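There are structures below to look over.
Paired with chain B in one complex and with chain C in the other, chain A is shared by the two complexes that follow.
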Partner chain A sequence: MTAVLFILFAGFAVGCAISMIAQRNPLYSAISLIGVFVSLACLYVMLAAPFIAAVQVIIYAGAIMVLVVFVIMLLNVEQEERVPTRLRSLIPIAIGLAAILFAEAAFIIFFVHTSPSTPTGNTSDVGLTSSIGAGLFTSYLLPFEITSLLLLMAIVGAMTLARSGGLLPQSAVVVPGYQVLAKDVLDPHAAPDLTPVVAHTTVEVERLLGLENAPHLRDKG
Partner chain B sequence: MEDLKHAAWILAGILVAFFVVMTMVAYTVLAERRVLGFIQGRLGPNRVGPGGFLQPLADLIKFIFKEDIVPDKSTRFVYFLAPVIATTAALMTIVVYPFGPEIHLPFINKTVQLVIARFDIALLYVLGVTSVGVYGVALAGWSSNNKYSLMGGLRSSAQMISYELALGLALIGVILQSGTLDLYSIVEQQAGHLGISGWNIIWAQELGFVIYLISAIAETNRVPFDLPEAETELVAGFHTEYSAMKFALFFLAEYVNMFTVSMLATTLFLGGWNGPFVHQLPWLGVFYFLGKVILFLFLYIWLRGTLPRFRFDQLMSFGWKFLVPAAIINIVITATLQWSPLFDYVSTFLKTPTGLWG
Partner chain C sequence: MTPQLSWYLALSAVLFTIGVVGVIIKRNVISMFMCIELMLNAVNLTFVAFSSFFRDVSGQLFVFIVMTVAAAEASVGLGIIIAIFRNRESLDVDDASVLKL
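Up next is the complex of A and B:
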């Protein structure tokens, strides 16, 4: 029973991983990666680590990959053209790394087969939520706090990077259907002055941008 | 042999739960049309069978026999995959909800807990599967090769991701209070006097319940948060290009999602199958559970007949600037109460395992 399930999930994981590399369409690669994450989660469940499995699905498949898919969808990346010469110098290194990986796998298989005592399954509670929580808040408290501080810094950093440039003042109200233009769009000399100019109609925007007498510059959409 | 027997039991349970949920979903659709008709001063569908009772069957047959139109230049594989992901993710969570207490089956002489799969991380499993459901919507919008679909898909996934956060944070209050992620134990802990006084909504989780309810409605893309399907702006949102059975799958996923979030609300806040006299008559628990779920489904329909739609920027700022901070405040309140000795005293009084007539 367990062996059948293992072969099923492991096969799915390997298949998705190969498909992720082989696909030309970036969205298909992303979907394959999600497949890899989900089948890895199934394998974690079989290894008596249900908490890790749930977190794997929630964080990797449910949050990070959603962002990746979003970016691919928004940028509308077309199918990448086949460029055989790119990164050719890395091929020997890749072959070497693959050889090391296979050697390690072979070593482990050999080692496990000759080992006299195989650990009995399902006796450990390491993978359970309560033991992970207890570990995080007692013996590993300092690394845990440092990691959370690091994550907080990353969040603040992302906010700062995203807002630099397009920073609107507190008083600015952005309402869909209205145009809000920073002054430096209209007048480069007013760059430090970030008070927005609000226009309520397309005609007004055209006047502000000085497009009334230049119909060829108008957006045809 | 024992393994196979166990697997057979689980399979039987899944089949029964699937059948019950599907039937209830079909009749929720009918009830929605009839109740909306009542709210708007008209009749609603009442011609197929007595009182429109066979309408769901007629709808299903219509969906099966309609022409299936696949838009030109759509991304074929993803276009087919999207409704499959949406439906699978919606249906997968059904197995973890406990819908009744331990009962004795009369003919085969066996005592079983009325939950299909009981495991350590049931609540996290629900959150994980729900978060995968977002792909169905996002990929459907993208693969249709239609700008309304894309806009609808993007809106919808942005909304689902934002409100998932508030939803998850609202659940932490309950987790703090019960100290476990196993849904069956959470329900068991809510037994009390008359089977009512121990409910989490009565003791310290009022704010958490309101936050959960609002984010659950947003999470299922229902009125007043049905931005992805804003007809006047986006035709029908992410499923504009879907027809026949593929559209039916999205439709099904939406209603099954409504059903599962109602079951989660019942399990976590309204005491699941707990109610008066459940200990004497365990079968009553199943009816209490389904009754509470139906109450939530009625609330959904009622809201749809009553409220107008939010604007997208209102929706986003409401989620991020109001619900998320409120959920964090709820966590702080719950943690403080957990720590105070008075709470401990009142809580042991309210949550006596069997209580009066429990």
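Up next is the complex of A and C:
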């Protein structure tokens, strides 16, 4: 019974993976990849790992693939155009190497019987959330903390990469405090003259820029 | 007949190989990114299979950490993809062969 389920889910996973490669539209391959993730979650349930199965569905099929689909929609990706295959002479060599690899894998699977054959039962508490949490907060505490640092770095990196332009928005006119203005900001005729003009207060900057009558620009803080 | 450990390892190897093939033959950078996710999932399947058959919880903790790395990779990688698209108006990796924006 479990063998039938394994063949069903494994076949679905491999089929979705091949479909992901064969699709030319990235949106369709993203949907195929979600199929792979869901069938892998079913295999995790068969392996008595319900926590990992739930996390697989929530994080992979939920968060990551939603992010990918969001980027695909945002960038409005067109279909890949078909380009002629380069290095056509290497195709028979590739087929030969693939056959050798397949033969090696088949040899290992059918003739080497050193793998443990204990079936996974429901009596084990290995895959339960409590045992995973206990392991995560006792013997694997340092990797857990490093993971949090990694996530912080990812947040900062993604924000830095996705931000456009400089530090200030285009509408920033007056910044309170000690600041240096280029002279051509104040006087358009002095464009090549790059001597900086130093202002010490917001009011002084406003007077230099001729903005005394624009109180909405003043910093409320 | 119950599934053996070697079945799961064979499935994982097949999925990983499909992911490698996808990274090699795809030119769209988002498709390559998804193939990398597929390879990470194949390795996760190996971890969970060993963890379940050897009755050791360490493999599932590694899967948890791999998922975290995958989430971080997704956020930073998609940020890089958006930056490349903003600079080059293209998602073809051959257009981004010079490693600067």
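Rule of thumb we're sticking to: the second predicted complex is superposed on the first by the 127 of 221 C-alpha atoms of A that agree within 3 Å, B and C clash if a C-alpha of one lies under 4 Å from a C-alpha of the other, contacts with A are read in each partner's own complex, and residues count from 1 in each chain.
Here, a contact is a pair of C-beta atoms (placed from the backbone, for glycine too) under 8 Å apart; a residue touches a chain by one contact, two chains touch by 3 or more.
Note that the coordinates shown come from a computational prediction; the quantities given were computed from them, not determined experimentally.
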Side-by-side fit of chain B and chain C on chain A, or clash: fit
Which of chain B and chain C A:34 touches, first, second, both or neither: first
Partner chain(s) touched by A:129 [first = chain B, second = chain C, both, neither]: first
Touching partner for A:6 - first (chain B), second (chain C), both, neither: second
Partner chain(s) touched by A:73 [first = chain B, second = chain C, both, neither]: first
Touched partner set for A:55, first chain B, second chain C, both or neither: both
Touched partner set for A:63, first chain B, second chain C, both or neither: both
Between chain B and chain C, more extensive residue contact with chain A: C
Closest Cα approach, chain C to chain B, once both complexes are overlaid on chain A (Å): 14
Overlapping contact positions on chain A, where the chain C interface meets the chain B interface: 51, 55, 63, 74
List of chain B residues in touch with chain A within their complex: 3, 75, 77-78, 81, 119-121, 124-125, 127-129, 131-132, 134-135, 138-139, 141-142, 150, 153-154, 157, 161, 164, 181, 311-313
Complex interface listing, chain A residues touching chain B: 1, 25, 27-28, 31, 34, 38, 41, 50-51, 53-55, 57-58, 61-63, 66, 69-70, 73-74, 128-129, 174-176
Touching residues (chain side chain C, partner chain A) in the complex: 1-11, 13-15, 18-19, 21-22, 25-28, 30-31, 33-35, 37-38, 41, 44-45, 48-49, 51-58, 60-61, 63-65, 67-76, 78-83, 85-86, 91
Partner chain C, residues of chain A touching it in the complex: 2-3, 6, 10, 13-14, 17-18, 20-21, 26, 29-30, 33, 36-37, 40, 43-44, 46-49, 51-52, 55-56, 59-60, 63-64, 67-68, 71-72, 74-75, 77, 80, 83, 105, 108-109, 115-120, 124, 126-127, 131-132, 135-136, 140, 143-144, 147, 150-151, 153-155, 157-162, 164
